[in-house]
Structure formats: C-alpha cells, structure tokens
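Below you'll find a set of structures to go through.
Two complexes are shown next, each including chain A; its partner changes from chain B in the first to chain C in the second.
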Partner chain A sequence: MEVYVTGIGMISALGANVPTALDGLKLGRSGLRPLHRVATRLQGRYVAGEVAFSDNELAMRAALPDADLTRTTLLGYLAASEAWQQAGLGAADTNRTGFISASTVGGTGHAEQHYQDFLDQKPTPAFIDTYDNGDSTEFISRRLGIRDFVTTVNTACASSANAIVLGTRLIQQGVLDRVVVGGTDALARFTLNGFNSLLLLDPTPCKPFDAQRKGINLGEGAAYLVLESEAVARQRGARPWARLSGYGLTNDAHHQTASSPNGYGLQLAMRQALRRADLAPAAIGYLNAHGTGTANNDVTEGQAIREVFADAVPPFSSTKPFTGHTLGAAGAIEAVISVLALTHRLIWPNLNFEEPIADHGLVPAQALHVAPGLQHVLSTSAAMGGSCCALVFSKP
Partner chain B sequence: METSIIASCAIRGHQIFLNGTLRYEAPAAASLTEFLVGAYRHFGLSYPKFFKMDVLCKLAFLTAELLLPATGILDRLDAGGIGVVLANRSSSLLTDLAHQQSIQEADNHFPSPAVFVYTLPNIAIGEISIRHQLSGENTLFVADAYSPDTLQAYVAQLLAEGSCQACLCGWLEAGLTSHETFFYVVESHEPSSTTRRPHHVPALETLYAQPLY
Partner chain C sequence: MHPHAYINSIHSISPYASDAPARAGLLSALEPAYAPVLNPAELRRTPRLVKMGLYAATRCLADAGLDHIDAITVGSGLGSFDGFEKFETSLLAQAEDTVPPTPFIQSLDNAVAGQLALKLQCHGYNMTYTHRGFSFETALLDGLLLLTEPDGPADVLVGGLDETTPTYAALLHQAGHVKNPDKLGKVEHSRTPGVLPGEGATFLVLSSARRPGTLATVRAVRTLFSPRTALEVEQTVAALLREQHLTPADLDLVLLGHSGDHAHDQKLRAVEASLPDTPREYFKNYCGEYHTATAFAVWLAVRRFAGAAAELSERTPYPKNCLIINQYRDANYSFIFLTQD
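Moving on to the complex of A and B:
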C-alpha cells in the first residue's frame, strides 16, 4: 500500500504558513532573531527561531481568543489546520482517520509562568491539565474531528519524524485510511536554560557543518503532514505532493546526549530507509540533514553520511539556520521543507557555512539551486536518548 | 512465525517481581531512592552510571537488567534485531520539577546539565540501549494509562514486518505520588507445540493483573 502526502502545514520562525516559509527558503531569509519573546535572563545573549506572534495573536489567528490554550497547542492547531485545509479536507468523512502528534515540551512554557503562584497556593489557570505532552494532541484532534486513532509520541528531537513513521505504518497495515502526523513545541525558559547549562547554545546564528560551529539556536513551531492511502487519495482526487517511500528508526546505543563517533545509529536509519524504499544511495538527490550546529552532531553525522554515501554524497544542507532547532517539531518541519524541495525541485542552502570540518570534509549546498531531476529526498533526525530516524520522500 | 511473551518483570511499590516471583523487597519505610539503590546492591550489579540516573531511568534500568538476561535474547539475537517500545504517563515529571526549581528564582539560579539531560522520558530507552547495546527500533508513547491494545498492535507489526525479532515492551511511570514498571519481552519464533504465552491483548491484561504484580 503506497502512502501519499496530500497536505502540508507549518508555522515557524519562517512565517505563519507554508507559502511564507517557501518564500523565505527561496530568498535565503533566515527566521533567526535576537531572543526577545520568552521572558528569560538569556534575552539579549542569544538568537533563536521564535514564531513572530504573541500568544494572543496566535489565538486570534486560530479564531480561539478565549480558550486559554498553551502556545504549544496554538502552534500545533494552526499548522494542523493548514495541512487539513490544504489537503482539501473539511468535516469528518467516513474514512478511518488518525492524529499522531509529537511534543517534547508540551505545556511547559505555560506552566512555568504560573509555577510560583501554584507553589504559593494562589489560584492559577488550569496549567496542570495542560502540562503534559498529550494535551495539545487531544485538543487538536477534537477540533479537527479526528477520533479513530489519537496518540502522542516523545522521542526527543526525533519525535515528529517518529510520528510520521507510525502514521505511515498504520496506513500500510490498513488500520487507517488517513492520518495527520507531525509535532509541535514552543520555546520555554525550561529548554533555553537547560540547553544553556549543557553549553550547547550558539549566541550567534548557527553554522551547521562548519569547522567553527559553536552550537544550536533553539526554535519553536509546528508542522503536520496529511498522509493518505493510495486508494483514498485516488478516490477523492487528492493532489499528492509526495510519496513517503521509506523510513528507518534505530537507536545509537552510545550515550544519553552524544552521538557515537561514526554516527552508527544514523547510518542504520538511513540504510533502513533506503532499503525500504528499494533505492540505491545514488538515487537520493537531496539530503536534508539533522545538522544542529553542535561540535558532536555535525562531525558524527558527517561520518555517518560518508559511511552511507562514500564519495558520492548528494547535495545536502541543514535548514536549522532558517528555523532554529525546534526539538519535537523539527522532524516534521524538516519533512515539510523536504517535500517543498521535492515539489519545487529546489535544494535549500545551508546558511552561514564557510569552512568544512576536517574529519569528513563535507561541503553542504551553499546557495539555492535548481535540481531538475530531483526524484527522492532523504531527511534525517537524531535525538537525545539515541533515537535516530530517516525518511525518504519521492515524487508521487 | 508466531510471537510469544517470553518473560516479564515488574516494579510495584517497594517490590520487584520477575516472571511472577518476588525477587526483592525493601522495607516500607525506605525512600524510593533507597529502594532502588538497595535493589542495585541486592542483585550485585556493577554499573556506576546507575547512580547518575534519575528515578525514571533507575526504574527502567533495573527492570531491564533483571528481565533481559532471563530471556536469553541477548545471546541468541543480533542487537539490531531487538526493539524497545515503552509507554509512560507522567513523562519525566520528577526531573522536570527539579530542573524548574533550579531556574525558578533569580538569585538562586543553578540549572544543571546532569539534571536537564533527564528531562525527557525516552532517555530511559537510551539508558537501556546503551547498557545492552541495543540498536533496534525504539519509540515511546505518551498515554493516560497502561494500554495493552496500542502496545500490542504496534509491537506485533514490528515483529510481523521483520523490523525486529524481539522487543522489550511495557509501561514505565514515575509520578508525584507513585511509580511503576511493567516490562515484558516478545519474541518471534517458529510455530511450536510447547506451551507458550501468545502475544495478544488478553494475555497482556492477565499478566499485568496477576496478583503478585
């Protein structure tokens, strides 16, 4: 059973929706700005990929001004609605439909604003109920009228790629006809301070795969894809953006936060994905890499790319200098960016790159360029806890 | 191929059970950490990283540490063929609180990398994978309660499509007022006439509800 991508939606530092993000990608316009929205002592010290709307503005955009929703839920709802509408879907039909969403932060950003009041036993908004990672999933699925299968995945920075794999499988097995898959995460003091304590934040715009890279810029956002079985997509005349032709999920089994020296888990994930898609490495025309900009990731991921592709590494880039690292949403945001690459036959630049890493010598794409024959795109994610995921999107 | 549940291990309160038999018990007065460290010593384990782990990871580590050797899968299967699929309700809440406390007050601000690392529940899968060098598929579901339906369906598919030959599965929870683990291993095998516990939902419900657990 083939699985098609029939709708995409995304909100990120690149803008409120997919068309705005596409413009930004084409113009090489980064969404990174000095951190200013999250109330933290780190303001003025770091850049971040913040979504350029306040919680109130997001609620107005979502036409939910009085619902007291977390930022994570609002971002997720806006992106999922865009994907749903863009797929040409309206009120629930008889097709068995699921919603699988990833989040690592959940309602943390909301909870931390009220935590002191809670400790002081003052009245607080219902933040305990919205703290957990599943809360946004429940709200969004209810609003979209999806009830046949609803679940939340948390495998750190591979979460939403993992959600895409689960949805694909459920269609392949015939459990569902259609599934909205992706993830949402809002920036919070919690994560900013945590990554800062790990000494992983770059105060300036990140430089993935560069010898002088200094670390991550955190970001926030949400992205979802509507996946449908070939039969349902065809029957309702949906326009497919891409076919999800392969996936791989593995564990690096090396360290809680660091990747193994040769990126063993990522190698396994990429090989699994190619094998499932029945493709040779040479068939991949663009690789959207994880490329966080940390010392450890970019050297080990590069080694994994070398192991899989040897001397024939396809054009590749990390698009995190456009969006920041959006954690639980990153896999889905980069899946949407990969589908856009495939659709428009464009290879996105790896902004801010200057000098290759000596260990593997890989040079990413540095300017936008057209790839007329682009047929297959590979997107990878790696996470704390060792979770690794690779996805292959092919021309429908 | 058939699939069977070949072993199970659970931590309930201050007790640890392996295949339905009580293997360790701490006094009711012991704190959770005293209980977990006591179990580590009782079983003669030697893995110093254990002491750096948060409660959720200690629970997961101990359960896997007793369960996996009892199955023999580490000897007979390739590490890439063993998956880990867990579900959890409270995520890493206990460690989240510790991290939040550390950034709560402006004049007492001390976020620690050693704490922040554990603010993700799938780190527990990472700890198990590192310890036993498992590189197979893994995922973690967030669920309201132990739900054998979701786990059974997902794991059955992993085994059916050959993504793994065996899978460490179960429920892992460390909340504000209680904690629990219930892990089991499912393995694919040639059809066999000897008595085995089939991998289906009623069997998982029975196993989970058995009095000793």
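Moving on to the complex of A and C:
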C-alpha cells in the first residue's frame, strides 16, 4: 500500500509556518541568532535556533491564551494544526486516524523553572504532570480529535524520523488509514547545558561538513506530516505532496554518544531505505543530511555517504545552519524541508561551508540550485544511543 | 489484520513476591544480584533503571536460547528520571559551570534500548516509546508488526520498564497522585483518590515461530485513548472478543489494572461488572502503579498459565487464556489478549 504525504506543518527558527520557512530557505536566510530567550547563563556565549515568539505569543497564535501549556506543547500544536489544515482536514471522519509524536525534551523547560524551589521544599506547580514526553502528544491529539492510535517516540535525535517510520508501517499494514507524524521540542536550559557539558556546542553559526567545524547550534521547533493511504488520499481528493517510498531504521551499536568510524548504522539505514523504495543510489537527486557540525558526526556520516554512493554522491546539504539542531523535532523538520525540496525542485544550500573534510572530501551544495528532474529525496538522522534513520520521499 | 506471535521467554524484575503481605509506601522492585549477568563496566557505570533492563533482557535471551536478536522495542513512560534529577541538581548547584556530562547522557530515554543494542551488537530495528500508559503497548504492538513484515525479523526483544526514584515519588506526592498511607489497601476496594507508586522492568522475546518452550501467544494488543464513557471501554472489550471468536464466558482469567484511585478506576469497575463470572486478579496490588505496569501483567499472565495460581480460582487453576485490561490516569486504556495453546 502506497503512503502519501498530504499535509505539512512546521514552526522553527525559520518562522511560524511552512510558507515563511520556504521563503527563508530560498533566500538563504538563517534563523540562527544569539541565544536570548532561554533563562540560562549560557546566554551571550552561543547562537541558537530559537523560535522568535514568547510562550504568550505562541499561546495567542494558537488561540489558547489561558491553557497554561508547555512551550513544547504550544510549538507542537501550532505545527500539527498547520499540517492538519493544510491537508484539508477538519472534524474527525470515519477513517482510522493516529497521532505519533516525538519529543526528547517534553516539559523539561517548564520543570526546570521550578526545580530549585522544589529542592528548597517551597511550593511549586505540579510540573511533574507535564514533564513527560506524552504530555504534548495527548494535548495535541485531543485538540485535533485524534483518538484511534496515539503514541510518543523518544529515540533522541532520530525521534521524529522514527515516528514517521512507525506511521508509515501502520498504514502499510492496514492498521491506520491516516496518521499525523512528527515531533516537537522546545529549547531548555537542561539540553543547552547537556550539550555544553559534552563540549559539543559551537559558539558561532555551525559549519556542517566543514573541516573547521566546531559543533552544534541547538534549535527548537516542531514539524508534522499528514500521511494517508493511497486509497483514502484518492477517495477524498487530497493533494499529495510526496510519496513516502522508503525507510530504514537501524542502530549503530558502537558507542552511547559517538558514531562508528564508517557510520555503519547510517549506511545500513540508507541501504534499507533505498531497497524498500526499490531505488538505486543514483536515483537520489538530493540528500538532506543529518550534518550536525560536530567533529564526530560529520566525518562518520560522510564516510557512510561515501560507502553508499561511492563516487556518485548526490547533491547534499545539512539544513541545520538554517534551523539549528532541533533534537526530537529535527527528523520531521528535515522531512518537511525535504518535501519542500521535492515539491519546488530546489536543493537547499549548506550554509557556512568553506573547506571539505580531508577524510572523505565531500563538498555539499553551497548555493540554491534548481533541480528540474528531482524525483527522489533522501533524509537521514542519527542519534545518541545509536539510533539511525533514513527516509525516501518521492514525487507522487 | 489479526497478527499473533509467541512469547518464548519472559523475565521481570518487580516488587512482586508471592508470599509478601501488602506493603505501605512505595513498592520497590526486588533487585537481583546483577554481578553474574552484567559485566564489570555495566555494574560500575550504568544507572539502576538501565541495570534492571539489561539484566531482565539478558536473562530473557538466555532463557529463549538466543545469542543474538534482530530487533529491540522498549517502552518506558518516564525513561531515566534519575538522569534528569541528577543533571538538573548538578547544574543548579554548579550555577551551570563545569557540569559533569554523565547524568545528561544517562537522562536519554533511549539509553536502555541503545545500551542493549551495544551489548548485543544488534544493528537492527531499535525503538523507544515514551507515552504514559501506552509505552509498553506500543513496543509490543510494534513487535507484532515487525514479525509480520515481509523482511521482518524472526524474534524481537520487547521491554517495558520504569523506575520510581524517591524524587519522582515526592513529586507524585506533591502533585496529589499518591494515596494517603491511612487509606492503603487492595486497589479493588479503594474509595479514595491516589495510587501506590510502583516500578519494574520486564522483557520478553516475541517470536514468529512457536518453539517447544513457548510460554504464551499474544493474540491482540489494543489501545483506547481518552474514552468518554465506560461503554466505549466495554465495546472495545466486546469487539476484541468477537474478533477472537470468543464470548465473555470463554475467558479464563482477566487481569485488571485498577490503580486504587477511585475516580480513575470508575470505567474499569463498570467493565468488570460486565464480566461477572470471569476469574480476576488486580495486578497493581503486586506491582503498584506505573506507566509500564502492563509489562508486569504479561509476566503474571504467563505465570498463571503455568499454574502458579492455585490460590486464584478453583474453577480454572490452569487458565488457558487471559485478557489484561488496564487504565492509566483514566486516559490510556489498553487490552492485551494472551492464550496458552
């Protein structure tokens, strides 16, 4: 059974919705700014991909000013609503519909505002009730009226790509007719300090695949895709943006926080995705790489790309210099960016690149390219804990 | 589509002890001696939840006679809360200066599935679900799906585990979720709010092929999100039984997930009233309330199939089928149907 993408929604440092993000991508306009919104002593030291709205502004945009929601929930709700509306969906119908969301941060950003008071045994709000990853998923499901299948994935930085895989499989196996898949993560002092403690943050705008890269810029945001079975999409005359033609989901099984030297898990994921899509590597017209900008990721990912594509590496880029690394939302944000590439037949530039990494010598796309024959786009994700994921989007 | 699969081994670390009296306070898992099963690095470096997971999973694979596995699916409602509290406390104490990274790495919810992949050198499918009372259910359902896929594995390691740290228990208490110690008793008799928090780690090997040591067959896994009425829950049970060509009278055992919170248990009370003649047990009396308590319930069902329930029912000392019906916070309802045949 074919699986179609019939709606997309996204909020990120590139803007409040898909059309603004598309403008930013076309203009090569990065969403990275000096970190200023998260209450942390790391302000002034790093740049980040913060969403340009306060929690109150997000709540107003969502028309939920009194709901007392976490930032993760607000971001997720805005992006999921955009995808839902954009797919032309309204009140619940009889098709079996699911919501599979990913988050790694959940309500941590809310919990950390009160944690010192809790340690000091002062009264605090019941932040434990919104701390977990399922909190945002349940709120969004209820608002969209989705009740047939609801769950949450957390496989660190591959989370929302993996949510897309589960959704695809549930449609392919006939368990669901339609599923909204993606992820949401707000920036938090906790995660900023976590990556800082691992010495993985670049104080300046990140330079994925560059020999002089220094690390990650963290970001925040949410993105969702509406997936529908071919039958349901046709029956209701939905406009298909893309066909989800292949996926690969593996584990690198090398180290808790580092990728294997040749990116073995990622190689396997890409090969699985190509095999399921029944495509030769040469059919891929654009690769949206994970490309975090860390020393380890970009060298090992490059080696994996070399192993799979040999000397015929397709045009590729990391779009993290636009959005920052949005952790649990990254896979879905990059899936939406990949669908936009396919739809508009454009290849997004890898901003800030200057000099290739000697080990693999890969040179990403550095300017916006028009790719008239673009038929298949590959998007990859890799994560701490070894999770690797590859998705193929094809012209419908 | 009604896929089914075989449970070829199962291991649980839980608070359950068949001869223990009902306990007050937090129900803590009875931890095994880890040393014979975990290596020295794992013993030294891994947090408690990961140790419980690695131990249960390793025992499980050994019992199934497997030295490798092709896919791992894990459910954990909260993941490593211990990592969160340690890293958060440390960054507050250090005012965000020179914070040691280890608890941050350990705070990742996919730490258990990731470390299992590393330990078992499993490059295959690896998933972690963190959705309240659907965490284990999704992992189990995913396992069933994988086994039926054309290029799917033959065996999947499926787990459900959660830890109630003292801090988490304190936060639950502060938020009003913990039962007043004066009111503790059997969950089915509760008329008061609050639950007794529990914990546990359960892993099972789910296989597409029956083996001589097969313990049970998983016939159905269903979830129901946020039903408005008890009738919706009853209808889900009725539909599940109909699909299995069974009537309520055919059920040998029902394991009910009453939490002890009177309001949250209301719909389950109505559902059990609709199954008046079926022998039943209330599994949270043994394991307490936590997100992945149904993983323990599956272990309990397998144990009951083996006849370890002479005290249970004179009518069916050796049940041949079992329906687990659970609720978590009156939002996550789940149904797992198992048989022994």
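As a working rule, the second predicted complex is superposed on the first by the 392 of 396 C-alpha atoms of A that agree within 3 Å, B and C clash if a C-alpha of one lies under 4 Å from a C-alpha of the other, contacts with A are read in each partner's own complex, and residues count from 1 in each chain.
To be clear about the criterion, contacts are C-beta pairs under 8 Å (C-beta built on N, C-alpha and C of every residue); 3 or more make two chains touch, one makes a residue touch a chain.
A quick note: this is a predicted structure, and the numbers were derived from the prediction, not measured.
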Chain B and chain C placed together on chain A: clash or fit? clash
Open item on the list: Looking at A:Leu42 after the superposition, I want to know if it touches chain B, chain C, both of them or none. Which is it: first, second, both, neither?
Closed with: second
Scan A:Thr343 for contacts with chain B and chain C and give back first, second, both or neither.
neither
- Query: In the superposed arrangement, does A:Thr72 touch chain B (first), chain C (second), both or neither?
  - Reply: neither
By the touch definition at the top of the document, which applies to A:Gly174: first (chain B), second (chain C), both, or neither? second
The chain contacting more residues of chain A, comparing chain B with chain C, is C
In the superposed arrangement, which partner chain does A:Ser197 touch: chain B (first), chain C (second), both, or neither?
-> both
Message = I'd like to know which partner A:Arg142 touches here: chain B for first, chain C for second, both or neither.
response = second
Among 77-85, 185-193 or 239-247, chain C clashes with chain B only at 77-85
So the chain A residues that chain B and chain C both touch are 41, 104, 108, 112, 115-116, 132-134, 137, 151-156, 162, 166, 169, 173, 175, 189-190, 193-194, 196-198, 249-257, 264-265, 268, 383-387
Given the complex, residues on chain A that touch chain C span 40-42, 103-104, 108, 111-112, 115-116, 118-119, 124, 126-129, 132-134, 137-138, 141-142, 147-156, 162, 166, 169-170, 173-175, 189-190, 193-194, 196-198, 249-257, 264-265, 268, 276, 383-387
As the complex stands, chain A meets chain B at residues 41, 104, 106, 108, 112, 115-116, 132-134, 137, 151-156, 162, 166, 169, 173, 175, 189-190, 193-199, 249-257, 264-265, 268, 383-387
In the complex, the residues of chain B that touch chain A are 79-80, 84, 89-91, 96, 99-100, 102-104, 106, 109, 111-113, 116-127, 129-130, 132-144, 150, 153-154, 157, 163
Chain C residues touching chain A in their complex are 1, 72, 77-79, 84, 87-89, 91-92, 95-97, 99-101, 104-105, 107-111, 113-115, 117-118, 120-132, 134-135, 138, 142, 145, 148-149, 151, 168, 171-172, 174-176, 223-226, 331
